[in-house]
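Residue numbering begins at 1 within each chain, and the chains themselves are lettered A, B, C, D, E and F in the order written.
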Amino acid sequence: MFARLFKPKTTVRAHCDLPCGVYDPAQARIEAESVKAICEKYQQNEDPVFRTRALIIKEERANLVKHHLWVLWTDYFKAPHFEKYPQLHQLFNEATKLAGAAGAKGSVDPAVAEELLAKIDEIAKIFWETKQAA
Amino acid sequence: MFARLFKPKTTVRAHCDLPCGVYDPAQARIEAESVKAICEKYQQNEDPVFRTRALIIKEERANLVKHHLWVLWTDYFKAPHFEKYPQLHQLFNEATKLAGAAGAKGSVDPAVAEELLAKIDEIAKIFWETKQAA
Amino acid sequence: MFARLFKPKTTVRAHCDLPCGVYDPAQARIEAESVKAICEKYQQNEDPVFRTRALIIKEERANLVKHHLWVLWTDYFKAPHFEKYPQLHQLFNEATKLAGAAGAKGSVDPAVAEELLAKIDEIAKIFWETKQAA
Amino acid sequence: MFARLFKPKTTVRAHCDLPCGVYDPAQARIEAESVKAICEKYQQNEDPVFRTRALIIKEERANLVKHHLWVLWTDYFKAPHFEKYPQLHQLFNEATKLAGAAGAKGSVDPAVAEELLAKIDEIAKIFWETKQAA
Amino acid sequence: MFARLFKPKTTVRAHCDLPCGVYDPAQARIEAESVKAICEKYQQNEDPVFRTRALIIKEERANLVKHHLWVLWTDYFKAPHFEKYPQLHQLFNEATKLAGAAGAKGSVDPAVAEELLAKIDEIAKIFWETKQAA
Amino acid sequence: MFARLFKPKTTVRAHCDLPCGVYDPAQARIEAESVKAICEKYQQNEDPVFRTRALIIKEERANLVKHHLWVLWTDYFKAPHFEKYPQLHQLFNEATKLAGAAGAKGSVDPAVAEELLAKIDEIAKIFWETKQAA
């Protein structure tokens, strides 16, 4: 297909709870990258209007990170996956906590967003292994 | 980075209107793929509860396609892009129409969703050309 | 307080991710009860307009069940809880699955909503034990 | 039922406009308690990021208070109730105003949230009287 | 202003709970007109996909009617208005009920939407009288 | 009709993507007027709680301006309109940009909101010409 020629990388997957069967951890990663970029811009700009807007938008983006991860955890991963990867529950719990008040929501430090991204990458690694095994 | 090793393909980009500077036409494409998958499942399943749920969810997904395309059109593309690609306005207008009532919303034919995907791919091709030129 | 006099039972708790510190599994239970009531009304009424409305609204309510459970799992429960109740991760995973496509979303059988309610009660039991222990 | 044993207090009721027939003033009360808790935390924490987040979230919670009260007023209470309790319209009007800009939205004083809670309790008292009479 | 020349009629007013001070009953009327148009189109089209979409969208529009009316009732109208127009509470209660399950939500009869529109017009008449008196 | 007598001006039109066929550029204008009023109130009030609330609400209102304009551009205007008014694409692109981060979202200057209003009026003028021609 043409899409594959000009940008073979866009294979990310969305989700709906029909379910349509389309999933991808990239959705959570994208929002987490946005959170990190917002933190960086916040640090570089002391204008109070800009900073308030940054916090409003970061809150929304972090909510989306949590949502996309919850969807993967409940809707994509099945019992056999949790047996094969016993750390998976905790990984998701830590990742969603890192997106919340004690992590990327409560902080404007890009390093916290980096930690969140690393946790999402751990999940993504397992996700793609299960896809290859399917 | 580690993410790049296990899945070099996840380079898609999200958006927020801070702006965080993170964009990617894949967001629209993902939702359109979901729309297509829903149409296929609708055709294969005559259960009325399933079919009603499919239409409820397809409506939401098609709304997201429109939203993600509108965001790209308004927030990512700038005057110089529209000069270089004079067809860009019409392309976005046709793509968002194809996601609406006269297209993927009003139809359960996977072929209509295919048309929408092709239109999004045309936009994506231009998007990535502008990124490389930047 | 006066509220206590006329209705000492209203001690349920909501949530926000400030966090405000206010949580209660009743929020998920309430929505699940609504899902069950919708299933019952669906069975008793063959009017197609009513039935379509029932499915639209049940979809929303089931989404809220999932959301409230996810919030408890990520935002209320901490590492020591998961150590003390090793089944907690799986319980939440099963409960949210039961609220989704393979459970209360995909079905109009009140018995499925009953199963969901029972699973929420298991979670609630643990929740209130941890509150008393605190 | 088991739920009744371990926590007989969780009898609160939600709502949907099918209608499913499930209502409870506790939903409004819960959000108002959250508003009050946010005000208290705001007063105790001078960190500007925390305070902005508190205002973002308080705005959402206060909107929910208004919404839940409006639903009770329109969807639960019927003509005979308004005849028996002629003060009911004004009570709801005052309660929703207290949740808005002139009350809990515009203020970070926990005392204002207290007033809102007291008003909700007045409504709840009438609500439970009408339930017993039914 | 130019807007006044080409279309002097666009004086409708929106709302936000800052408050910005901009209100207009036309917002509720618009959504009610949409509800009516949807009912008419539903009657004229037996395609099941179209009809399900019509019910999904009518539900949303009727929710907006209720919301806009509630906002006027709580946020625009003050104590002196309710003294001068003692029927105002009941009028709003009836109008919002007419937009709900027992009215325009539960029915696909354009006549029910007409009743809702008439009720909104009664409210609008009072609204504009209070504006002139101010 | 009665509504016409007491306020002949309320002819504004909403939208839904059934489509119901009801459109009006006033919807975008209303929200933009709200944005302008918020900017004015922001300038007159140095209370930090008020100012943060103003920014939260302005963000929402500006999002609605963008949304209503996008809907008109995609759902109301058809190919013949774009042929007759070749500037229409650019007009919508500029108007939605003016509602975003580089315009009314990023600024608390009422003059920026004025520019946005003027742009919406240009669109409205064309809209009403096409309605008369229909």
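FYI, a contact is a pair of C-beta atoms (placed from the backbone, for glycine too) under 8 Å apart; a residue touches a chain by one contact, two chains touch by 3 or more.
Chain identities (UniProt): A, B, C, D, E, F = Superoxide dismutase.
Please read these numbers as outputs of a predicted model, since none were measured by experiment.
Common partners of chain C and chain E, by the touch rule above, are B, D. The set of chains in contact with chain B as well as chain E comprises C, F. The angle needed to superpose chain A on chain F by their Cα atoms is 120 degrees, rounded to the nearest 5. Of the chain pairs listed in B-E, A-C or C-D, the one whose interface repeats that of C-E (more than half of its contact pairs identical by residue number) is B-E. Each of A-C and A-D has its own count of C-beta contacts, and the greater count is at A-C.
One finds 19 Å separating the Cα centroids of chain A and chain B. Between the CA-based centres of chain B and chain D the separation comes to 40 Å, rounded to the whole angstrom.
Distance between chain B and chain C, defined via averaged C-alpha coordinates, is recorded as 33 Å.
Separating the CA-averaged centres of chain B and chain F is a span of 24 Å. For chain B, the set of residues touching two or more other chains reads 17-18, 52-53, 56-57, 105. Contacts between chains form some other arrangement here, matching none of path, ring, star or all-to-all.
Taken together, the chains touch in the following pairs: A-B, A-C, A-D, A-F, B-C, B-E, B-F, C-D, C-E, D-E, D-F, E-F. The residues of chain D lying in touch with chain E in their complex are 17-19, 63, 66, 70, 73-75, 77, 82, 89-90, 93, 96-97, 100-101, 105. On chain B, the positions that touch chain A within their shared complex are 2-3, 6-18, 20-22, 24-27, 29-31, 33-34, 37-38, 41, 53-54, 57, 60-61, 117-118, 121, 124-125, 128.
Within the complex formed with chain C, the chain B residues making contact are 48-50, 52-53, 56-57. Chain B meets chain E in the complex at residues 51-52, 55-56, 59, 105-108.
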